[in-house]
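One chain, chain A, links the two complexes that follow: it is found with chain B in the first and with chain C in the second.
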Partner chain A sequence: MNTEKIAQILKKRFLDKVKEVEVFDFKPAFEVDSKSILEVCKFVKDSPDLSFDLLSCMAGVDRMDGFEVVYVLFSFKHKHKLTLKAPLPKENPEIESVSFIWAGANWHEREIFELFGIKFKNHPDPRPLLLPEDWDEGYPMRKGWKGADFIPLPQE
Partner chain B sequence: MGALKKLPVYLEKLPGGSILTTTLNGVLNYSRASSLWYLLFGLACCAVELMCTGASRYDFDRFGMIFRASPRQSDLMIVAGTVTKKMAPRLKRLYQQMAEPKYVIAMGGCTISGGPFYYDSYSVCKGIDDIIPVDVYIPGCPPRPESLMEGVLKLQEKIKREKIKDWN
Partner chain C sequence: MNKEEMKTEVFEVNMGPQHPSTHGVCRFVLKMDGEQILDLVPHVGYLHRSLEKIAENRTYLQYIPFTDRIDYVSAMFCNYAFVHPVEKLAGIEVPERAEYIRVIMMELNRIASHLVWFGTFSLDLGAITPFLYAFREREKILDLIELVCGQRMTFNYFRIGGVSRDLPDGFIKKAKEFVEYFKPRVDEYEDILTNNPIFLGRTKDIGILDQKTAINFSVTGPSLRGTGLKWDLRKDEPYSVYDRFDFDIPTGKKSDSWDRYIVRIEEMRESNKIVEQALDSIPSGDFKKKVPLTFKPPSGEVYSRIEAPRGEMGFYIISDGSPKPYRVKIRTGSYNNIGVMPVLCKGVLIADVVVIFGSLDVVMPEVDR
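Here is the complex of A and B:
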């Protein structure tokens, strides 16, 4: 299915909850209201026309004025792609976990939580994943993060 | 007789034979330096150079060096690769498990100072000498097998300078 058709279906179904945005690759891309992310994800997976059965990548982004969770989806059936972006507030970023829809999201969400401090509600196993067991220096991938022996790159 | 010149011995010829005299110090140091069994501690790309040095082309075996998978059987730890903060306690533990006398070679930029991960990194140790004592530092990213062998020869020189009276 081509990108326009995916965009059409999503716009028709979710009206103003989604907004098309420009991306470099993995088109089309939509900005989704973070409160309705679970609804949108369930729809794009279960709808037979879209059937996005693979969460090929998931990322957290620090946009300085807020956070963003990016979902990159792929469909084995139709061989098409979709990017979903959920903007989050700077204070207490929180979003619904999608690991019930794509099991692969489980570890991605654990990693995003410990590196960015974005909380995933209803996550089945919200333990830290990669950082040392005794880590207590906060969320290292946030912009402006300072650790005990962190040395920033000198600016010329 | 060529081999004898390399040994710390004095050969006294007598009618019907000869007497070999040496010092205990010399013999111990010579055997220690010539059979450095090293702990495999490959953590990143330096490990590939370490493996290459151990393989037939560069052949560590001619220094009497064989890799060991257990710290209990090792005299030397070649730390090859990036040591992360999560790996640091394991590194320390393996070092403590090694039997005396034990030596450490820090191979590559990462183990010396953090190397390419010195700036803007939250996870990499800024040099393993914060964690364990290091005998020889080998710079490079990664060092070539020739550099590693040079480092091993330097370590052998260091071992051969040891004195029994300094043991504790």
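Here is the complex of A and C:
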């Protein structure tokens, strides 16, 4: 299915909960209201016209004025792509977990939680993944985070 | 004493972090009832170097050597997976010769990477000879790659807009010799292992991964093709100049460990075919497009994926127009493939954990990054 058609279906189904944004690949891309992410993800996976069965990548982004969770999706059945973005507030960023929809999201969400401090509600296994067990230096992937032994590069 | 009187209890075993079959540092906590696995919990992160954070403090060019360390067994792919989306973002057209050199290097690297897997997988099963055979051929490939870029493991060869230097004189001849030399070698590997009764007993019907589970867990690469799905990004979403070469996509039927084995063996043959065709048809011309020293791609976001030996490797790059990337997310094959271990290992014997893990071909630095 071409990108316009996917965009049409999503716009028709979710109205103002989704907003189209620009990316270079994996078009179309939508900004989704973070409260309805579960609903949108369920729909794009289960709808036979879309059936996005592969969660190709999932990334957390610190946008300085807030956070963002990016879902890069692909469908083996229709060979089409989709990017979803859920913006989150700077204070207490929280979003529903999609591990029940794509099991592959499980580790990505654990990683995003420990590196960005974005909480995933109803996550089946919210343990830290990569950092040491006794880590207490905050969320390292946030912009402006500096480790205790950080030495800045000399300015050119 | 009859069975009812015997007291049994569930116990936990730590496999790793330093276990010979984990190919790196990875720990499995196994909950066992006798020899049977009730539950398996993977613990990763021992090799976490925070490569994503490092990217935010380096320029695009400075970051290329770091990508070598994502998966040191197939560093060419990590190089390519990073420069490719950046080129896409900046709209750089790479000279044809550079793309051919890249394909030759990547496919040689794929053979080398599969040889490492082949050797260590058979070593895990107790067969030592295949390991020696595999490393004999891998040595020749590393010699070839060393001729070109001076490195044997962390190549740092690709640049934005091409490759760092042209192929040296005599490389094509040497590479062609290798291609001819390698063809009968794969048959040799198959003679020792493919139909060996012990090998069959260890791998047939072990670790059956059905297609739905595989896709649900985002398993990609040879492990996904082992389930019978004919899906290869080189063919289905051609990047570089892969659409010009003729090769097949091997798939499995029963999606057990043996199928994943045979898919990789066949892939070595196919990669050899691609190298042969590329060597025959490599055009002359520039090996690198001139890119300004302070390279600044326009702001934008791009996700681009390639078919690495261990599955889909993708970089999600956000550029804000400055010389340094705003955010780099690395998606690797092993990261998602290892996630399926708890499902595959439920109810199997402890000896099979080694086989299943080996057949998924996981390289730990790629998981931890």
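We take it that the second predicted complex is superposed on the first by the 154 of 156 C-alpha atoms of A that agree within 3 Å, B and C clash if a C-alpha of one lies under 4 Å from a C-alpha of the other, contacts with A are read in each partner's own complex, and residues count from 1 in each chain.
The rule is short, and it goes like this: contacts are C-beta pairs under 8 Å (C-beta built on N, C-alpha and C of every residue); 3 or more make two chains touch, one makes a residue touch a chain.
All values derive from a computational prediction rather than experimental measurement.
With the two structures aligned on chain A, chain B fits next to chain C without clashing. Contacts of A:Ala7 after superposition on the shared chain: neither chain B nor chain C is touched.
Of the two partner chains, neither chain B nor chain C is touched by A:Leu38.
In the overlay built on the shared chain, the residue A:Leu153 is in contact with chain B and with chain C. By the touch criterion stated above, A:Pro140 is placed in contact with chain B and with chain C alike. Chain centres taken from Cα atoms put the angle at chain A, between chain B and chain C, at 40 degrees to the nearest 10.
Of the two partners, chain B and chain C, it is C that touches more residues of chain A.
Look at A:Leu131: by the touch rule set out above, it reaches both chain B and chain C. Between chain B and chain C the least C-alpha distance in the superposed model amounts to 5 Å.
When the two complexes are superposed on chain A, the residues of chain A that touch both chain B and chain C are 130-132, 140-141, 153. Chain C contributes residues 44-45, 48, 50, 52-53, 56-57, 85, 88-89, 213, 215-220, 229, 231, 236, 300-305, 312, 314, 316, 318, 327, 329, 331, 335-336, 339, 368 to its touches with chain A in the complex.
On the chain B side of its complex with chain A, the touching residues are 85-86, 118-123, 126.
Listed in rising order, the residues of chain A touching chain B in the complex are 130-133, 137, 140-141, 145, 147, 149-154. Interface of chain A with chain C (complex): residues 22-26, 53-57, 59, 61-62, 70, 72, 76, 79, 83, 102-104, 106-107, 115, 128-132, 140-141, 143, 153.
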